[in-house]
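Same chain, two partners: chain A is paired with chain B first, then with chain C.
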Partner chain A sequence: MDFNIRVFTGIRITDGLEFLITETTVNTWIVMGLILLFAIIVRIRIARVDPLARPKGLQNFIEMCVDGWEKFYASNTNPIVMYLAPWFFTLILFLLVSNAIGIVGLRPPTADWGMTFPLALSTFLLIQFAGVRHRPKSYLKSIFLEPVFLFAPLNVIGELARPISLSFRLFGNIFGGMVLLTLLYSLPWFVTLLLPIPLHMYFDLAAGLLQAVIFTMLSLTFVSLAAAE
Partner chain B sequence: MEALALAVGLSNIAAAIALLNGILTTLGQGKVAAHAVDAIARQPEAKGSITTTMLIGCGLAETSGVYGIVIAALLLFANPFLDRLFDLAPTLVSMLPL
Partner chain C sequence: MNPLFLLVNGTPEYRSVLSLDFQNFFDGGPNIFNFIVTVVLVTWLLYKPVKKILAARAERIEGDMSDAALSKADAEELKEMYEKKVKDIEAERAAVLDEARKLAGENRTRILDEAKVEAQDVKDRAARDVANELEQIKGTVHQAIVDISTDMATRLIASTIDKAAHEKLFDEAMVELEATTAFKVSA
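Now for the complex of A and B:
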């Protein structure tokens, strides 16, 4: 039994530095390809639609998704960060598909800390960006001078712990589900006949959806809190 | 070889202990869900926002349990102590039946 990430090939950049094409990379490409394909199909279908007619079918569904997301976003964040709604929609879409891809037997890309940590790092950069852009003085003051300047190291450490806890939460959940399912498939054949179906439902679909929502929700709450108190 | 066997065995026991924090994590999550049910029973019209908040709370309460899982996985699949124990760790560890 092997839970390690398979490495398919490596591209040598310089001596001792190698760019590895791993299972995570390939599965991320698959996820990206699926989302891109869907986006292109939607784009082609929507270009043909009469904008004044009543929406139906796929267009209706997409409008419902985007509209629902914007309502959800507006009810959970400050209006001044409304321009970030598309970024978080992209994030939740990517996380949803990559968490659920275990259902076809592929290793979820998010079961790799090297995948979740950059995502959490982008959230971290976005928090700092939003804070510095929207309220530079009070944001920097809240980090370096609150409650007194002696607490600045603690505040900085607390700020740096955010991407780590965010990324470990997503990684641990998806990795744990993957390990459990892999262990299940090593049991005798009569156990693997029916039992994997509900477990796949829970670990890939339900927990994947929940973790994607939690990651996005926490990210947008942090960003909104940094942009305005 | 005995030292290696001891290190691997103790690491596996340590991984099992690290996973024990799931007990308290589960208790905490149960408490979150119970209070959410209370709140919904008291105010059924606020069901939507209570459910969203409960899911976020569950996710936050899960953090310590997830740290346990990460530590257990580290001890089982990428053990730092074995690396320190032997200079030849990569070759030795790759021979282990993990």
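Now for the complex of A and C:
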């Protein structure tokens, strides 16, 4: 039983620094593959149907998802950051599949801080980008001069803490679930017959969904707040 | 060693999940690159085409709704026109009805007057007939009385008078008759 991340191979760049193909990387490719396979199927189906006809089946489902997401996003964020809706749509989709992949016995990519931190870092960069793009003066003022300039270090630490807290929240929850389930499978065989089913339902699906929603909601709220006056 | 060979054969080495060294941060590079690729492809393959379809459908619905609004306006106009026509017809009907009532009243009065006159004529004619009948009846009754009286007088005289009295009476009557005739001749 090892909770560490398996490394398949690596390319040495410098001393102590390698480009590693880890279990997280491979599972991320699997997640990407599943999402892109779904996207390709949808694209092919959409290309065949009359766009003005009444939607049904998969087309109806995906239209409901995209339209529902657009409405949800519009109601929870500032309209000036609507152009980021596809980013957050992909983020929640990616997190949902990543968190749920443990149900087929694969290690969730989000159970690696090396995955959750870059995602949170991207949110941090988006926050700074939205703030500087939409209200540069007031945004920089809110960090360095509010309430007075003496609080600037605290504000900067607060900003830097966001990706840390976001990434550790997601990583901790998913990794914790994975550890519990791994420990469960080390129990005698008769215990592992039925008990994993509800636990997988909770840790992989329910908690996975919850953490995906929390991460995405917090990210888009931070970005929206940064962009708004 | 070829990385692909290692990937296929699997050389299990492990990296600590909680090591916060530079290597861990560096591992995030490929991961975020993978995610960005996913975002680009999902946006290109799924999100934008679906949004395009939704926009096209929304545009068509907008068009249908504006057509429906135009049709509704036309229908409203038509409805107003028909309502006006119905009102005009109502007014015309009321006017025709009034005219008919008035005409019927006049006809009624005229017919009643004519009937009254005719009835009066009939009544007068009947009165005259009654008077004539009455006169005829009076004459008939008078003649009957005279006849009966004469008959009764004859019978009475026949039963009560003797021959001498009869002759005396006859003579007196003759005298009177002669006197009456002489008077008439001299006159």
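Simple rule for what comes next: the second predicted complex is superposed on the first by the 225 of 229 C-alpha atoms of A that agree within 3 Å, B and C clash if a C-alpha of one lies under 4 Å from a C-alpha of the other, contacts with A are read in each partner's own complex, and residues count from 1 in each chain.
The definition used in the following text is that contacts are C-beta pairs under 8 Å (C-beta built on N, C-alpha and C of every residue); 3 or more make two chains touch, one makes a residue touch a chain.
Keep in mind that what you see is a predicted model, and the values were worked out from it rather than measured.
A.B. asks: Kindly classify A:Ala74 by the partners it touches after superposition: chain B alone (first), chain C alone (second), both, or neither?
C.D. replies: neither
A.B. asks: Return first, second, both or neither, reflecting whether A:Ser165 touches chain B, chain C, both chains, or no partner chain.
C.D. replies: It touches chain B, and chain C stays clear.
A.B. asks: Contact-wise, after the overlay, does A:Arg6 reach chain B, chain C, both or neither (first, second, both, neither)?
C.D. replies: The answer is second: A:Arg6 touches chain C but not chain B.
A.B. asks: Of the partners chain B and chain C, which touch A:Phe19 in the superposed model: first, second, both, neither?
C.D. replies: The answer is second: A:Phe19 touches chain C but not chain B.
A.B. asks: Is A:Gly176 contacted by the first partner chain B, the second partner chain C, both or neither?
C.D. replies: Only chain B is touched by A:Gly176; chain C is not.
A.B. asks: Contact-wise, after the overlay, does A:Ile214 reach chain B, chain C, both or neither (first, second, both, neither)?
C.D. replies: first
A.B. asks: Specify the partner with more touching residues on chain A, choosing between chain B and chain C.
C.D. replies: C
A.B. asks: If we overlay the two complexes on their shared chain A, which of chain B and chain C does A:Leu187 touch? Say first, second, both or neither.
C.D. replies: After superposing on A, A:Leu187 lies clear of both chain B and chain C.
A.B. asks: On the A-aligned overlay, A:Trp29 touches which partner chain: chain B = first, chain C = second, or both, or neither?
C.D. replies: second
A.B. asks: Where on chain A do the contacts with chain B and the contacts with chain C coincide?
C.D. replies: Comparing the two interfaces on chain A, one with chain B and one with chain C, the shared residues are 3-4, 175.
A.B. asks: In the complex of these two chains, what residues of chain C are touching chain A?
C.D. replies: 1, 3, 6-7, 10-18, 20, 22-32, 34-39, 41-43, 45-54, 56-57, 60
A.B. asks: Report the residues of chain A in contact with chain C in the complex, numbered from low to high.
C.D. replies: My answer: residues 2-11, 16-22, 24-26, 28-29, 32, 35-36, 38-40, 42-43, 46-47, 51-52, 59, 62-63, 66-67, 70, 85-87, 89-91, 93-94, 109, 111-115, 117-119, 121-122, 175.
A.B. asks: Which bits of chain A are touching chain B when the two form their complex?
C.D. replies: That would be residues 1, 3-4, 165, 168-169, 171-173, 175-176, 179, 210-211, 213-214, 217-218 of chain A.
A.B. asks: So in the complex, which bits of chain B are touching chain A?
C.D. replies: Within the complex, chain B contacts chain A at residues 52, 55-56, 58-60, 62-63, 65-67, 69-70, 73, 77, 98.
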